[in-house]
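Next, two complexes with chain A in common: one pairs it with chain B, the other with chain C.
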Partner chain A sequence: MGTIKAVFTYTFREHVRHKVWLSSALFGLVLIMGGMIVSALAAEERGRILLDLGLAANETIALISIVFLTVHLILQEIETRAVFLILTHPVVRWHYLLGRFLGTLAAVSVGLAAMGIIHWGLLHALGWGGEGSYLVAWLCSFGKVAVMGALALLLSLALTSEAAAMSFSSFFWILGHFTGEIRFVAEKSGSPLMRSVLLAFLNIAPDFAHFDYRNAWHIGTIDPHWALAATAYAVAYAGACFILSVQVFEQKEF
Partner chain B sequence: MTAPALRFRNVGKIYRRSHLGRLTETVGLTGLDLDVEQGEVFGLLGLNGSGKTTAIKLLMGLHLPTTGDIEVLGKRVPNVDVLARIGYAPEAAYLNRSLTGREHLRLFAALSRVPAQGREAKVSGMMAQVGLAHALDKRLSEYSKGMLQRASLAQALIHDPELVVLDEPVTGLDPLAIKEVRTLILWLKGKGKTVLFSSHDISEVEKVCDRIGILSGGRLAKTMTQSQWRQKPDTLENVFAATVKRTDGVGEIRLD
Partner chain C sequence: MRTLVAGATAIAATLAVQPFLRATAPDFPPLSSLPSTPYSLQDAALVSCGLRTVAADLAWMQLLQYSAGGLPDMPDRPGRPYDHVKDLALRVSRLDPSFHRSYLFAAGILAWFKNVDRPDEAVEVLQEGLRRDPGQKSYAMYIAAIAYKKKGDVSKMTAILEATLDDPHTPVEIKTILANLYKSRGDFEAALRVWRAILDDNTASREWPRARLQIAEIKNLESPGRGQ
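Moving on to the complex of A and B:
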């Protein structure tokens, strides 16, 4: 536990010093600029458009941040050989990996929270009153960030190339938003080969449909089964990616 | 009779690399048999590519041996717990430059299982001991090369290890810093620590080692005790030159 905490602390501090918080400033800028344009184009729908625009921007920036940071997380320490020194101390490798991952997740979550507060404040100033709904949307974004972070970590360790890991992470990220459509195409496909390929991708790619908060918003209440299923999915997917990452990392020689 | 601090038994390491389906093998170390006794200062001498760093990485658990066994302080490695009793400083200071001197040492103290109570005092004390008390709260990115080397030494010694492993500790240092490293090694010996270090620098090895081992082409070609090289000047240098052979693919400089 002490090792995980020590690695978590230095990872979090490292990200803060590398100015991860700049993403929040960027988000604020996007939101203000977007809000100004939108208010000029659609004065009556300003609140709703600002809500959608803000949530989408919030999530996109957080996802870009987590993929970028996680892909570099271990590979950069291998390149600078800082990992040499860490692993020549009594450190179990999975403790190191978990500390690094959680430290990064925490840094991105702080950015996500900061962006959420800016956004919520702006919406509140415009008279929007759906505080509880906003929290649900925020938690869904966090779930996606955790899943993508774990996947990017696995890809970076398995592929050992930052460019390749970044490309594959982006590919799976996009794929994860279209699982319903891919399933439909796979079912309708006449070619067994195509069906197999699509189903294989479906089983590997994250399914972001689990984090679709629009239904909950539409109904007006949170279905506890949906919330539980989304949480279980995030934990299971991120956990599976992390276990595989540990398996790959255990085999590495430095 | 106490068990040796360090024991290599028939240790071999072959690096295998695969590129486009073609497998290449490089021999890092072959059949290494070596004991380093407790309280001894042992120097590993050899040219580039002779296997010095490979031997050190194997004992630190960064590499796994292809053949043979390694025992450190009575435990077979790789063993995470035994690492708490070893201090290791690599040839270059591979430190996270975004941290301050204090944060860096606090991290390694925590990783080396230094108890939380009294850790802060130990961190400040160790930084003062390596002459960096004035730079405690400076970021490592602002440190000079010499300061980084000292910060690296500090992390190796913060947990008061029984065995200290120094990989090329004097490479690239100025004469004053070299003298300080020499003094440090002798101070560690005085405290009863076992010191293993690798070097190209024969004159340094002569001054501090009780015993040396000459590695050549991944093999332990010769071991000598201090009494054997102290009898005549230049003995160690002559033995070294006669023992090693170049494996880095370059020829001799011709003077004709």
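Moving on to the complex of A and C:
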């Protein structure tokens, strides 16, 4: 536990020193610029568009941050041989990996929280009182970021190439939002082989299409069973990716 | 070995939870149900990046642009003003079925705008609203108002439209239509009330100049010379 905490702390500090928080500034700029366009083009739906644009920008910036940071996380330490130094100490490999992952996730979450507070403050300053729950939307974005972080970690260790890991992470991000469409095509497909391939893809890709409160905000109240299922799904999917990452990492020879 | 067992357990848990997640999550219409427009690639790109509501918001702005003067990519056929309003409204609502104002806005144009008069298309849009966005009473009220319009019963139609003014999603276009209906029937007091309500509504600022002009004009009609 002590090792995990130590690795977590130094990872978190490392990211903060690398100015991850600058993403919040970028977010603020996107939001203000977006707000200016919105106020000119959609007066009656100003609140709605500011909400959607802000939540989308918040999540997208956090996603880019987590994928970029996680892909670099271990590969850079392997390249610079810093990992040798760490692993010569009595550090269990999965403790090291968990500390690194959680430290990165915490740094990105702080940025996500800062962006959320800016956005929420802006909405309330403009007198917009939405019916949905901002906290649930924020937690869903956090869940997606955690899942993508774990997936990017697995891909970076399995592929050992930053460019390939980033490309595949983006591919899974898109595939994850297409699960509804893939299921639709699978159901319409007349070929059992094609249907099996599509269903296999459905099970491998993270199911973001059904995990997204942000896109369902305006529909109204959420089903508590859904919130429970979404939490369990995020934990299980991120856990599976992390455990597979540990398996790949333990097989590496340093 | 322990890692592999833990991994297999986590994967099994993911696969076990997935059907519950799918069953309890709100469902969106598939992309293939979107009407074909020159903006299909834009919609698909945004949805595939998880930006479905942003795609709907952009589609809404394009609907507003089209209604305000047309889109260069979507010219109207001769003699068919607002030719693509229905398709553009359905595009918004199939991206985000809870975009109440889109259904009402399009139905208002199709049913009541001068030289448009396509109430059947308006009813189709509203029926889509009833199906995909349940719980909004305005859709059924608009359908009833259109039915009275087709029957020629203007007083019942205006009574229903008046009742929809309480809905915060009622587009300002419907309010202006109602005010003009009152004015044409000589009910200047009711027309003034609706125009004043538009002036009090901060989100309806694009109709404020017209509201001021109409208020002056109606006052003048009520007692010639007073509104000037």
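Here is the rule we use: the second predicted complex is superposed on the first by the 239 of 254 C-alpha atoms of A that agree within 3 Å, B and C clash if a C-alpha of one lies under 4 Å from a C-alpha of the other, contacts with A are read in each partner's own complex, and residues count from 1 in each chain.
Assume a residue touches a chain if its C-beta (ideal position, glycine included) is under 8 Å from a C-beta of that chain, and two chains touch if they have at least 3 such contacts.
As the structure is a computational prediction, the values presented were derived from the model and not from experiment.
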*asked:* Going by the contact rule set out at the top, does A:253 touch chain B (first), chain C (second), both, or neither?
replied: first
*asked:* If we overlay the two complexes on their shared chain A, which of chain B and chain C does A:89 touch? Say first, second, both or neither.
replied: first
*In the three-chain superposition, say which chain, chain B or chain C, touches more residues of chain A.*
C
*If you stack the two complexes on chain A, which partner ends up touching A:237: first (chain B), second (chain C), both, or neither?*
second
*Examine A:6 and indicate which partner it touches, taking first as chain B and second as chain C; both and neither are also allowed.*
first
*Once the shared chain is lined up, is A:19 touching chain B (first), chain C (second), both, or neither of them?*
neither
*asked:* Using the superposition on chain A as set up above, list the residues of chain A that contact both chain B and chain C.
replied: none
*In their complex, what parts of chain A are in touch with chain C?*
41-46, 48-49, 52-53, 55-56, 59-60, 94, 144, 173-174, 176-178, 180-181, 184, 203, 207-212, 214-220, 223, 225-226, 229-230, 232-233, 236-237, 239-240, 243-244, 246-247, 250
*Sites on chain A touched by chain B in the complex*: 2-3, 5-7, 9-10, 13-14, 17-18, 77, 80-82, 84-92, 253-254
_Quick check: in the complex, which residue numbers of chain B touch chain A?_
57, 60-64, 80-81, 83-84, 86, 88, 90, 92, 94-96, 98-99, 103, 107-108, 110-113, 116, 152, 155
*Footprint of chain A on chain C - complex, ascending*: 3-4, 6-7, 10-11, 13-15, 17-18, 20-22, 24-28, 30-32, 47-54, 56-57, 60-61, 64-65, 96-99, 101, 135, 171-172, 203-206
